[in-house]
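Starting off with a structure, shown below.
Labels A, B and C are assigned to the chains in the order they are written; within every chain, residues are numbered from 1.
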Amino acid sequence: MAEKPIIEVQGLTKRFKGLTAVHDVSFSVEKGSITGMIGPNGAGKSTTFNMICGYYPPTEGKIFYNGEDITNKKAYEYTNMKIARTFQIMKPLKNLSVLDNVTAAAYFGHAGAKSEKEAKERAMEVLHFTGLYEKRHVISKDMGTPDQKRLEMARALATKPEVLFLDENMAGLNPAETEEAIQLIRKINESGVTILLIEHIMKAVVSLCEKVIVLHHGEKIAEGTPEQVMNDPYVMEVYLGTKKEGASA
Amino acid sequence: MEVFLQALVNGILLGGFYSLMGMGQNIIFGVMNIVNFCHGEMLMVGMYITYVLYTYFGVDPYVALPIVAVLMFGLGALIQSTLITPSLKTKSFTNLLFLTVGLGLLLTNGALVIFGSTYYKIITPYAQTYIPLGPVTIALPRLISFLILIVVAIALFAFLKYSTTGKQIRAVSQNPIGAEVVGINVKKIYILTYGLGVALAGIAGSLLTQFYTIYPTAGASFGFRALIVVVVGGLGSIPGAFFAGIFLGLLEQMSALFISPSYSDMIVFVTFIIILVVRQVMILRRR
Amino acid sequence: MDTRKAVKTYHRNLAIVLAVIVAIFAAIPLVVDKPYIINIFVLTFYMSTLSMAWNILGGITGQNSLGLAAYMGLGAYVCCLVVTKTGMNPWVAAVLDMLVVGVVAGVIFFPSLILRGPYFTLVSIAFAESIRQFIINSEFFGRASGVGLPFGKDSFAQFRFTSKVPYYYIGFIMMVGVYLIMKKIGRSKLGFALRTIREDEDAAAAIGINPTKYKVIAVVISAIIAGLVGFFYVSYIRYIDPDVMIQSKSTEIVLPAVVGGAAYIEGPLIGGLIMIPLSELLRANFAAVLPGINMLMYAVVLIVVIRFRPSGILGWYMNSKFKAFIDEKILKKPSLDVLEEYELMADKGGK
């Protein structure tokens, strides 16, 4: 299992007109794993994420996927490479039904459906998998947050990705909903999808991730298993409060 | 040389009106993010109000100006509160666009129904006075209009920058939700803003009556110029609109002079498109 | 199987209703002999078609352009000029004009597709006006006086008839044909791509949709159909001049779509069938007496619809009890689940 990592990020830097949002971040994601990226607000997680997903180009640095340099690939080329993503600020296709949302996605990507029937069938499959089947005819803008989050994942899954990027998928969920989301993510991973996620909810990070990367002020300050990272004194100081408080894990 | 200077001066004077229209449009667009497609028609309404006041009440157009401004403000406020604010909720840009388009149709045809398609003119005793200024001649009304325009622009700028209401308007334009959170009555600001924008168009129309014929579609080209000015001058930037308007007036007169009067419209449009596209590309490139 | 039977009954009922509607339309010229009324229908047919052309870019893809009349006019000009200068058959010229308009629109719009929302609309207006100004200033295009098609004996090959009736039928076929094409697009991968772009461009890119590519496709389809209507128009009126391309004409094209419901393929069709005859009747009955009153009423209708029924007539209809009634009692439409089941089993040879 210690082969070439599926995603490798080297020296990623992003400068916006005088503000350096991300500085020299490097890490790798092992195939089949669940890796987490955490850090206080403003640490540069989303910016890093968006660079890796092709939403804006890095000022410096490179991104590799299965050894191939994808640094300059455009956002819409990703599903063709079997990489899918969700958004932190949910983007349901508001006026379309859940089924249509996922059917739309099923047409695209490397395994784009060739016919309406094929697209619908795959959409149904994904809806069953993510537990949204019962709600498939609901217009997506009328759904609550947890369902919309699942819809984000369903849409991503419909493109049959090998790698899935989840951007704060659990923000705004109550504990029961969080647990459901954790189960779903685990289920997705078990079906063979590598996952890189940004998260604030420590419970999720600890129970899901094999490796955690910690960002602060745009730089990587720690990397390791959740336990290692949680017990790192600098991380505790920066993220979890002073050494006195913040005992989790 | 004299021809060139005359064109230069005419361009600036004409551009003043574009600035006025642009500033009004900018306030509306900047705050509510809607394109007021009936802005040109509002100018036309201002023209007709001035005409009525002059012909039936003997009020000199310049004296009528404040009356027109107030009436137009009222009209804008009414439209905003009854039609636009409720439609803002749908968050559908298409809807708001065509709402103002529909209003434009309403106003144009309303004018047609009430006044007919006859061309009207206001001829004041001093309308034909020309002032020689070195090699160029300026019609007195144009000069007065331009001076009034400068006053209005400065007043507007000062209002937005220094007054409490002005600051509230700017707050709403930057972040309506945030503004609401800090206690600004956003609905009221919307009404104020639209009213103000419309009033500015009305003022432009009123000033225009001295040297433009009045007819139902008189405002159309000005309306479109307003949009160009907004885009070229920069969204939400009142000074930007001011200078862009002058620039547009100059562009028009110069292309009429150097290339051909009939092509000047086309040149204006093409320039506009080029500026717009180039600017977008630059914005994207910077990402 | 119960499912099959239920769905087949529904399909049969639907087909009957549609056949009745088509039959009514087919019969109208046979019972009505006032050319004036036939003219209203012809107008309705080609304006609705034009509105559908707008809608594929505007309502479906969410890119509001406001200059389609210019492309229709351009198509009419190209067709007219080619026929008069080279003697080409009008039907063949039509294909040529559709190609030309499609290419022109595609090339012109391509750099502007990075613009969103109001900027795009403004540019589309500017382009349309530029085209019109260009034509007004061009000797080749006949300047402001326009170009005409030759008159002569009735001839199908030359798409030239003295009576309005043949135009009625051909116009109807054109409208229905374009509708069917639009419907097909709506259910296809392209349709999904366009609607996704409308809802959220970022999400579209995340799925793998290249927004620019699909917007270009929508622009070109829209322009090609506008070109087609241009051909029809010039063959009907036998004449084209720049007035066809003024801004307000472009606006008139959009109104049926907005009133009918821009999010639906049927929207412009329904909106057109209602608004255009309405506008014409208003014009005929009132305009002579009080010029402008007809457009005034038209504007009022538009404003009222947008204010109170923003999703248009179809938007209201889709959620109405009226539709529920029709579906249940008249069409005997089965529930969504049953329909779905049918769709997914259809090619598996059934059970």
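Convention: a contact is a pair of C-beta atoms (placed from the backbone, for glycine too) under 8 Å apart; a residue touches a chain by one contact, two chains touch by 3 or more.
In UniProt terms, the chains line up like this: A = ABC transporter ATP-binding protein; B = Branched-chain amino acid ABC transporter permease.
Only a predicted model underlies this, so the values are computations on that prediction, with no experimental measurement involved.
**Student:** I'd like the most central chain, judged by C-alpha centroids against the all-protein C-alpha centroid.
**Tutor:** Here the chain at the core of the arrangement is C.
**Student:** Among the chains, which has its CA centre at the largest distance from subunit C's?
**Tutor:** Chain A.
**Student:** Could you please state the distance in Å, as a whole number, between where the Cα atoms of subunit A are centred and where those of subunit C are centred?
**Tutor:** Taking the average C-alpha coordinate of subunit A and of subunit C, the gap between them is 42 Å.
**Student:** Taking the mean of the C-alpha atoms as each chain's centre, how many Å separate subunit B from subunit C?
**Tutor:** Once rounded, the distance between the two centres reads 34 Å.
**Student:** Roughly how many whole angstrom separate the Cα centroids of subunit A and subunit B?
**Tutor:** Taking the average C-alpha coordinate of subunit A and of subunit B, the gap between them is 48 Å.
**Student:** By residue number and range, which residues of subunit B touch two or more other chains?
**Tutor:** In subunit B, nothing touches at least two other chains.
**Student:** Could you pull out which subunit C residues touch subunit B in their complex?
**Tutor:** Residues 58-59, 62, 64, 111-112, 114-115, 117-119, 121-123, 125-127, 129-130, 133-134, 136-137, 247-248, 251, 254-255, 258, 262, 290-293, 295-296, 298-300, 302-303, 306-307, 310 of subunit C touch subunit B in their complex.
**Student:** Per the contact definition, I'd like the list of subunit A residues that touch subunit C in the complex.
**Tutor:** Interface residues on subunit A, with respect to subunit C: 53, 55, 74-80, 84-87, 91-96, 100, 103-105, 107-109, 112-113, 116-117, 119-121, 124, 137, 155-156, 159.
**Student:** Over in the complex, which subunit B residues touch subunit C? Could you list them?
**Tutor:** Those in contact with subunit C are residues 29, 34-35, 83, 86-87, 90, 92-95, 97-99, 101-103, 105-106, 108-113, 116-117, 216, 220, 224, 227-228, 231, 260, 262-263, 265-266, 269-270, 272-273, 276-277, 280-281, 284.
**Student:** For the complex, which residues does subunit C have touching subunit A?
**Tutor:** 187-189, 192-193, 195-196, 199-200, 202-211, 263, 336, 343-344, 346-347
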